[in-house]
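For reference, chains read A, B, C and D in written order, and residue numbers begin at 1 within each chain.
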């Protein structure tokens, strides 16, 4: 006879993004949350009786709800609030929460960079030199909208004047002659500044601005190609839980993603 | 001055799962679709004028709509239908579609296995032997529901008597003594059979059945631990596009996922 | 004061490939081995005194040596032999070994395929259809050499008339017209057969043969591009351990790799 | 008839690490190099005639040789030198080099950190809080040796008093009570400092020092577990090419790796 010696379950990889707008100087926190519960659930396993079992889908909702309900200025407090919530459920005897933070560094009042700063690429093909950057993660939380686009029977996306735009910049460009060792860092700075120095009515517009800025500022760059995936941050509606929805919590997604590509030349 | 030399955009990594139920012997196709359009979109880039621009979100909807509208028995035909659809849009001059298939092998009328069959693991710690399996992808498309679970103010998941259950089995178990070289394959067969030989009122129930089956059939296995992520396949509603929705198209997701774990002993 | 409550160490991700040539019908086993030891090593941690500490590099050597010394026809026996070896070391009190197998399916007497069979790709760009395959892992263990190549002061590679060739095929091709649903499988079969149906004096030669075979056998394929990384399997010399070296154990590597690419047209 | 329309080949993922010791304040560059050549190689493909064909193994050697031969203070110059070298070969008509840099930030004269600074983890299980860090890449290039370890017939590793130690720190620890939001950053700083503030006769010794430093400096940490993979940087011998070998170029490897783990408690 089999004996149920240990059982636990939960929701993993809940991606919670919190944006606090303050007085215009935004702060963001980007978290991955894993939740695991134990309790009196033997009948779920052996008799197919789900009474009293919290759904893992509900756990996900709670991760967003508690992130929305009050400031998210302490991971220990956020994790403790989640644990307390789950432990109050009738059949739950233990709750464990693990939170990982993906830190964003500030680029501006409402613009951020994450990760290691982008991988430098240098190409030399026969005589010709080119540069590139990969894995440059940037995000802006103000000044970005998307409206006026084509609508037909398959269109469900609402227009918006205020959305998060996040992308992972890939770019490659051609140099006239042999660039200095310092050229790459200068192009990177230009790309970062142009990402957030103007309103963004579309990723295409921002891509074009970034490319144009590089051609304007770097006389030896003859051509630049940019590929900007649109890493969608979906607003997570917490009003359905009876909470005041200030539009502060989002679900970052990886699949599917938009992909915007263009090449600019002189 | 910068010149827009080339531009293209689209939606990538659209995960389309199609289930055709036939007369009870199901067939499934599991696709990743990339769509890319070119057209007269200079003003989008330079003036922020989005008129005539199909949203990438709409492209995603179309990938599901066309998968739902008629049989999906030929990738060339499916891809060609997508291309034709997009080329009819007014501002679009070129459309390119790339489809990747993730093949599922049949385990039963409504059960499937994908991938290389699971990685065999063998452990030996001092005298004691144990086996394991990783990356065993299985899916069932009939006989699975989830209902009767706890509901509170944070619960939004509807009850269902018919859902897809997909998981990536990780298991490890202890042997009494030294197993034969053939033992691992036999345990694997037991796990596969028990995954789909009975109704599934929850992943927990199915996990328990799999573990119990191994302990029942393999006298030298003293303990087994199973970890079953619940790889959610979300129904994609195509009725909003004016199509007959037969519940055949789904969006497989990777984040978040349920995680169900238990250990069974004699 | 800090107390050392638990310590363990070892070598992970030791890639062991064993080829047994039998009477011409080869068998292969492809393993990843993790080894972990415990013992009386407090002074290593606290005093920098390494006496009696087996190096993890030595553990790696033993994984190859025991794979070479006798048939590798049972993972339990192989793992047990490793454990026994390490437990005999003076300061070692516990040894744990974990072996993962990457199974190769037979294509011929000395040719094998691994994994899920390759990902099918179908492309449709405006009117034109194309196919492709990705992640098709194949290996041949006879009939392959590499000699007569250019030598200069930077050349250290010895010539060989007998080496393992393993690759991960990526191919894409153009169809005239719209292919049948069955076309992809037929091209895949042609690629697999041509990979091992003739001697291989270089990866280039085998690539060319594969491409030529597709153009010969599939009248509607107008062009094919193949990219074949050369996944090096380095002979692991066990004669230095006093063992009879029959040239049966190899170290598969991932970095660096050769990359051979060509396009064939009619 | 098949026509060879395009062919190119080379070596990819050549991992080149250059350490310049200067007057004690080290500088490091960590590169991944891809090399691709074109030339008159039709007979290689069609006739199995390898005469004049540079081996990809030779290309790898050249990537290290040129990195060793003079300062590596400009990626454009390094890439250009590689291209020039290959273009001088008789049958080569085109050479293309792509270099990616993995930047290391300075922690000390001979200690470095790479990447995004490590992922913060916070755990709360029922009442108890714990912290953790993952993916903290650190490297030291002075003060590290490994000697005096056990030698037997399977030991081939030479003793060394000067090696590179690189690791990817994973740690988790338990807090008494609820930590402040700032606690994690403080523990991280302690780990970084203790990684390189003393000689390292083994990874075990350095691990122990890091754990002890955390327990010493953070009164509310009751237990810490550290896992330190030993990411081997193998010296690449360039003396065989007739170059002066100053011990400055290394090959970073990923498989296999040492794995050192210990738990310290008060």
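A few comments on the model shown:
Everything below uses one rule, namely that a contact is a pair of C-beta atoms (placed from the backbone, for glycine too) under 8 Å apart; a residue touches a chain by one contact, two chains touch by 3 or more.
Keep in mind that what you see is a predicted model, and the values were worked out from it rather than measured.
The set of chains in contact with chain B as well as chain C is empty. Residue numbering at the chain C/chain D interface overlaps substantially, since over half of the positions present are found in both copies.
Ranking all chains by how far their C-alpha centres lie from the centre of chain D, first place goes to B. We define each chain's centre as the mean of its Cα atoms; on that basis chain A and chain D are separated by 29 Å.
Distance between chain A and chain B, defined via averaged C-alpha coordinates, is recorded as 23 Å.
Measuring from the averaged C-alpha position of chain B to that of chain D gives a distance of 37 Å. None of the residues of chain A touches two or more other chains.
Those residues of chain D whose C-beta lies close enough to touch chain A in the complex are 73-77, 79-80, 82-83, 87, 94-103, 114-117, 119-126, 129, 134, 178-181, 184.
Here chain B touches chain A in the complex through residues 1-15, 34, 36, 41, 44-46, 48-58, 60-62, 65, 89, 91, 146-150, 152-157, 199, 201-205, 207-208, 211-212, 215-216, 223, 225, 229-230, 240-242, 253-266, going by the rule given at the top.
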